[in-house]
Amino acid sequence: MKRSQVLVAVIFLGLSLTAQKQFDQTFPPDVSAPDRLRTKRTSYSAIMDVLRPTRPRVTQAQLDQLKTLPLESIFGALGDYRLNYARGFTNTRPGERVIGRALTMRFLPPRPDLVRAAETVAKEADWDRRYYARAAEEAQPGDVIVAELGGAEGHNLFGAMAATGIKSRGVSGVVIDGGSRDLAELQGDAFKGFPVLAKFFHVTTTSWVGVEFNAPVHIGTATVLPGDVVVGEDEGVLFFPPEMLDRALTAATETERREAYERELLLQKKYRFRDIYPLSPALREEYDKSRKPR
Amino acid sequence: MKRSQVLVAVIFLGLSLTAQKQFDQTFPPDVSAPDRLRTKRTSYSAIMDVLRPTRPRVTQAQLDQLKTLPLESIFGALGDYRLNYARGFTNTRPGERVIGRALTMRFLPPRPDLVRAAETVAKEADWDRRYYARAAEEAQPGDVIVAELGGAEGHNLFGAMAATGIKSRGVSGVVIDGGSRDLAELQGDAFKGFPVLAKFFHVTTTSWVGVEFNAPVHIGTATVLPGDVVVGEDEGVLFFPPEMLDRALTAATETERREAYERELLLQKKYRFRDIYPLSPALREEYDKSRKPR
Amino acid sequence: MKRSQVLVAVIFLGLSLTAQKQFDQTFPPDVSAPDRLRTKRTSYSAIMDVLRPTRPRVTQAQLDQLKTLPLESIFGALGDYRLNYARGFTNTRPGERVIGRALTMRFLPPRPDLVRAAETVAKEADWDRRYYARAAEEAQPGDVIVAELGGAEGHNLFGAMAATGIKSRGVSGVVIDGGSRDLAELQGDAFKGFPVLAKFFHVTTTSWVGVEFNAPVHIGTATVLPGDVVVGEDEGVLFFPPEMLDRALTAATETERREAYERELLLQKKYRFRDIYPLSPALREEYDKSRKPR
Amino acid sequence: MKRSQVLVAVIFLGLSLTAQKQFDQTFPPDVSAPDRLRTKRTSYSAIMDVLRPTRPRVTQAQLDQLKTLPLESIFGALGDYRLNYARGFTNTRPGERVIGRALTMRFLPPRPDLVRAAETVAKEADWDRRYYARAAEEAQPGDVIVAELGGAEGHNLFGAMAATGIKSRGVSGVVIDGGSRDLAELQGDAFKGFPVLAKFFHVTTTSWVGVEFNAPVHIGTATVLPGDVVVGEDEGVLFFPPEMLDRALTAATETERREAYERELLLQKKYRFRDIYPLSPALREEYDKSRKPR
Amino acid sequence: MKRSQVLVAVIFLGLSLTAQKQFDQTFPPDVSAPDRLRTKRTSYSAIMDVLRPTRPRVTQAQLDQLKTLPLESIFGALGDYRLNYARGFTNTRPGERVIGRALTMRFLPPRPDLVRAAETVAKEADWDRRYYARAAEEAQPGDVIVAELGGAEGHNLFGAMAATGIKSRGVSGVVIDGGSRDLAELQGDAFKGFPVLAKFFHVTTTSWVGVEFNAPVHIGTATVLPGDVVVGEDEGVLFFPPEMLDRALTAATETERREAYERELLLQKKYRFRDIYPLSPALREEYDKSRKPR
Amino acid sequence: MKRSQVLVAVIFLGLSLTAQKQFDQTFPPDVSAPDRLRTKRTSYSAIMDVLRPTRPRVTQAQLDQLKTLPLESIFGALGDYRLNYARGFTNTRPGERVIGRALTMRFLPPRPDLVRAAETVAKEADWDRRYYARAAEEAQPGDVIVAELGGAEGHNLFGAMAATGIKSRGVSGVVIDGGSRDLAELQGDAFKGFPVLAKFFHVTTTSWVGVEFNAPVHIGTATVLPGDVVVGEDEGVLFFPPEMLDRALTAATETERREAYERELLLQKKYRFRDIYPLSPALREEYDKSRKPR
């Protein structure tokens, strides 16, 4: 089709399309925000305004069960949330896992007006402008601090003093898409059971400015919403919504059980690998029988 | 000092400090947000709630003057905002500059609940969930689209069709901390005067989800607030608040004038370099004379 | 379930599973290869042995039509082959595209025994051990040389002399997951119409050893089979099987036509963006009408 | 010399050169491959067809001796094979070494036709399309699995279940130019003596397609042939042909002996460093005497 | 101002500026260096010629006190020297620290004339061309070897034999902006108390050429002068001039004391975080009291 | 050999080795440097003290001939200096080459004492502490500025004003292992014939401190000595000693001549590639005849 023909076609369609919205739309005026909205402890987020009503709070019992399951089995139970995964962290406590509820923070690079505004809000709200201090005052047992902080080119979240304060509130660990200071101290015995997963460690103090607290963030290519389930270890970190947890626990537990059976079979060296993993129909039948109460 | 001494000290100070806030503070209840706040065209941001009242709107005349000044002279006039700079972009139109007012967007990696929430809000607000479509409907002449999109590991903002729509609204260019598709088409003549600075180009369609529109974002290690002045070119991009623009224009213009004088002197090959750049007292005096009306 | 129960279960299932293959299987002896198989010009590949019978040869007419279509429209027509895409190349001829049939080569890092074996085969087969020389003797018009060569940590494929020889055979261009020398010469007028996409350019001569000719290779995260359709440009390169070409041409042509229409509509500034891209039902109807012969 | 002179020279040489092969050579027809060649367990490779007859099989005794020697002493004994070295791995078992015979695998990124062809071959050959399953059925004691899998931008080879199966065959370890899943499990006690060296660890399942089994591959900038000697540790991995092993054992053992002597001398703090390392003529004489039977 | 006006101004100022130095200055002849300057053990450096007279020698007592203080507290006491910090090292002895006086070395990539010159100087001076051998002969107890060696694209400094020699002189550790060999051996018990911090580990022998010994070098973005105080650990390395050490010890010790107090308060869970870190006026008063002799 | 035997051997060799130098050598006192050595314009370098007497000064005629030869032909004529090559630069003037004599500079990261010392020396010597200013006063026609400045993590050398001053002295171009500012201006017409090859471009001013002027430096993995021949272009930069230039010119010119002949033959499409490149004995004979005077 030649360009001129297109033009002709376009010209002729004008009349019949009066219902279409025009190029220069007029938009209705925005609703205005209440005066003190900016001092809400949980930063306002349109996304969470939609989602929060249907998100259950993860219980400690659920978290305890989660701790017994390997990362890969949980991954296998997450369906479309599988890809919501981040890696490339250094764990201050290799081998220790971070499991809990996401308490999220978002930071931006500092500049004078941003710092001034953050200070204004902090003063009005009577919280500390330093978000690590807020975590040390506001976090709940079972929380995991999840901080969006610029990744490899970002900045430090905190040091060991803030980590002490945060740990003292029962927080399970910290995931930082950015850095931390005090590596040596965080590796010490005082921080057993409190792993910090960070992209780097640097001696410097903090500088980026906290701008949203418990609102949606991203850690690498994973989105984290406040209240998400966090399962992290040296390999990487999974984040998924709390409403998936029961299903994930069931599926991962079943995976674990079947894989324990398969592992035993492998160690017996009786059957070839492909008949065990996955189970051949015959072995599957045996497995199913073995699970029934006798 | 031994640890035991510290303990003793701590124990004894209890009485005199009753005014201190306790470890387990109780916080006042949060104000609740109005029902339709989530459909505000300009996403609610506590930071902007503080700053917006004192931020002027950059005029076209200011932008026109800005276009005559090199990046480095503007940089030199920015004081504490100098470091608010991002680089590492590929320019679809090498040598063309991006100058205008920041219209910002923030994106997060997709996951089912996030997509669902964004769709809900879009439907309620009668805007398109695709933020590039919103830009093609809502942007104003002189705007520069500034999109936080995950950097080198992020995703695409748009392709040439959206670029056509956005350009047709008088937008001056686009800065993406992430990618774009349709590199070849954006390099074509149809996009003259509409440079796109992106971290990468990829054939794929878009996938990340727009979650904030005209709220604070970061591009690499620079914070960008909606309405900021944007000055970008192949070397990198400066972002600074509009209230600094007049001062920056004056200072950068004076720098340009003096450097033009210095350049002429250098090409004359009469004096040694260090007496010209910076001007020696004697040459400075001559320069000052040359500027007076005669 | 406790571990001991698993063991019990495993022990009891022995009898009923005699049909299962044992851990230590015995395998039938391999067929032996004919003496001169190693001198086949098209290296033997089990994968191609399966696929080749059903792969048509791409015609010049198809390639000519392909040249009129942008990369992104072709991408949109590729279904499950969309992800078979590689990027990160520098094009010696920015803006020129590489379109044709893949002639593939695979190289390995040199070591004395490998060099010796490659020389033995070359002598027996009467070809040149240097695969770029083979391309300059064996390539056909419309071929695109596709070389797996170690990526960013790999080595050079060739220099301008070999490029001259290869171009003289009617080859359309070269895609190297590795390097090339003679950047300046390849940018010169003599190589117009012969783009080389490489990961890097380096002054050194070649060293890696060609081990397979016209057998499956990978270029970054894309698999390339000999005879694949190659569509490359500055943004990246698509590879897909020849049997998909007709369908891709049809679909991409239709996309182009519709997008031309949409582009015209956008430039008219009459309707809002989202009603044009994608076309609203009303505009779609107009578009469909415009395409009918009148 | 001017260009025209070259042309004259070229034109005149035609007659005397009739023996030269022409630009458009005709090639003899290729030998055809036997029907079932594609189901050979050891993939057909022209290179191995030349080399295999003269490559001895490494014995367990040789491997045992190799385990007593440090990587650097073996490196020093490898002559032109020194550079056949790869590094950049993470070892699941820091400090444990991988020593054995290379069982190689080559993988390509998945696409529908490739997957279909691999499945066809696997069915015909009665092996498992998953190459990790083949390793768990076909590997021999003392083998080391060496997988070419795309490096840092590649994919996972396997997880802990396959590792269990492979380990149960007496395999000494795994070297992956790509990734693995189940890091935490592979670090557990069950995998003592079975180090996995990979470029990265990721929670995802496998996707790349095995296309050659026990044929030449490359791991970074090192070529690995099936049956090669593999010596790997945290620092990196050496690969060299089995026919070099006896010589390497002798030379490395002598190096070790001399260096033990030098180390003792250093710790004595009697002589200056440069007279000990390397041994001065006088100390060399003493050393030689010390080695003679007395 | 138009360009022509500038030119006029420039032309007229010629006369009054005769005191300015001319474009083509004549420079006084250089002083000639004494014959044997090139064999000075401490390489001649103009910078050190200025600074050395006022730089004290760090004492062992100072170093011993330094060992009791964490990196971050020392960092906090360094003022403008804080940024003189390097990171990105792998520590052969994770958790062990490198503290001492910098003995610096600078290396350049090898080329025939450079090697020849280095050999000539070494012969004249009666030292070993290999700088690691010089360190093993010339280093003093408490020294830390600091080698500028090309960073990630550089080369190896030494292996375990040289490390044995260097350690035997009482050297505290080694910081290499480049590589080392013999990772496994350096991790062994024989090297307890002798951490090597390097950018990478590689099996190869050394090749870069030592050109300056105990002259200024840089390690990443930190400048190191001979005699500087070095404090390194897994997180990174600080370098600062010896004249700052006393002040740094005092300030860091005070920081430690206060932070111990704060840590105790945090663990008491009595006051909210922000009143403890930093100490509120009331708590500060208590702290000050607690430090007074009672 | 057992460890105890080594010990015995070591103990017994004491007597016969009295001629060996002891562990704790005493070194002769160093020669002292003359007072004003630190103000030598050409920084003192032990390496250059050895090499300078035998290094000729490259003539303009040689440089002019060099400009006619491609990088790769010169590379082929450099023997052991081939590897003295650096790449990874962005050229401000793509396609333009940098050819000349190296005027080298070495920079270190700033810290207060280093800045103070550099200022002291500059004042005593009456030169400008800014080394770009020194280049703008001291460089000679045909020089190429070669600056070691920290590579990708380093800093800026200069901006357009200094470039103007340096260009005005007849300098041929600049190679920076570090950055530059004023990219846009350097790409302008005023800088035609003055290419700047840098690792990056950044808006910031300079900060690293010049510490050696015309002394040995390295650019990536290449060593550059003052007075070296520099041949750079988009692909990379070769550096080699002036005494090799005549030989390189002869060899590269002959290569060019032969390759022109080969290129003509290739374009004739008469003979197969391998008989032309390299020339078969018969064609070689024809070529040799064609070169004789007739």
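A, B, C, D, E and F label the chains in the order they appear, each numbered from 1.
One rule holds in what follows: contacts are C-beta pairs under 8 Å (C-beta built on N, C-alpha and C of every residue); 3 or more make two chains touch, one makes a residue touch a chain.
Not measured: the values here are computed from a predicted model.
Novice: For subunit A and subunit F, what is the smallest step count along a path of chains that touch one another?
Specialist: Tracing touching chains, the least step count from subunit A to subunit F comes to 2.
Novice: Could you run down the chains that neighbour subunit B and subunit F together?
Specialist: C, E
Novice: Considering only chains that satisfy the touch condition with subunit B, which of them also satisfy it with subunit E?
Specialist: In this structure, the chains that contact subunit E and also subunit B are A, F.
Novice: So which one's got more C-beta contacts, D-E or C-D?
Specialist: Result: the pair with more contacts is C-D.
Novice: Among all chains, whose Cα centre is located farthest from the one for subunit D?
Specialist: B
Novice: Could you work out how far the Cα centre of subunit A sits from that of subunit B, in whole Å?
Specialist: Computed value for the inter-centroid distance: 27 Å.
Novice: Centroid of subunit A to centroid of subunit E, CA atoms only: how many Å?
Specialist: 39
Novice: How many Å are there between the centre of subunit A and the centre of subunit C, using C-alpha atoms for each centre?
Specialist: Going by mean C-alpha positions, subunit A sits 37 Å from subunit C.
Novice: What parts of subunit C, by residue number, touch at least two of the other chains?
Specialist: Answer for subunit C, listing residues that touch two or more other chains: 25, 137, 269, 272.
Novice: Kindly provide every pair of chains that touch.
Specialist: Result for touching pairs of chains: A-B, A-C, A-D, A-E, B-C, B-E, B-F, C-D, C-F, D-E, D-F, E-F.
Novice: Please name which positions on subunit D make contact with subunit A in the complex.
Specialist: 128, 130, 133, 136-137, 159-162, 164-165, 168, 181-185, 187, 200-205
Novice: Which residues of subunit E touch subunit A in their complex?
Specialist: Subunit E reaches subunit A through residues 70-72, 75-76, 82, 85, 87, 95, 97, 233-236, 238, 259, 262-263, 266-267, 269, 272-274, 276-277.
Novice: Sort out for me which residues of subunit B touch subunit E in the complex.
Specialist: On the subunit B side, the touching residues are 1, 3, 5-10, 13-14, 16-17, 19-25, 257, 260-261, 264-265, 268-272, 275, 280, 282-283, 286-287, 289-291.
Novice: In their shared complex, at which residues does subunit A touch subunit B?
Specialist: 25, 27, 30-47, 49-51, 80-81, 83-84, 108-114, 116-118, 120-121, 137-138, 150-151, 153-154, 209, 211-212, 216-218, 220-223, 225, 241
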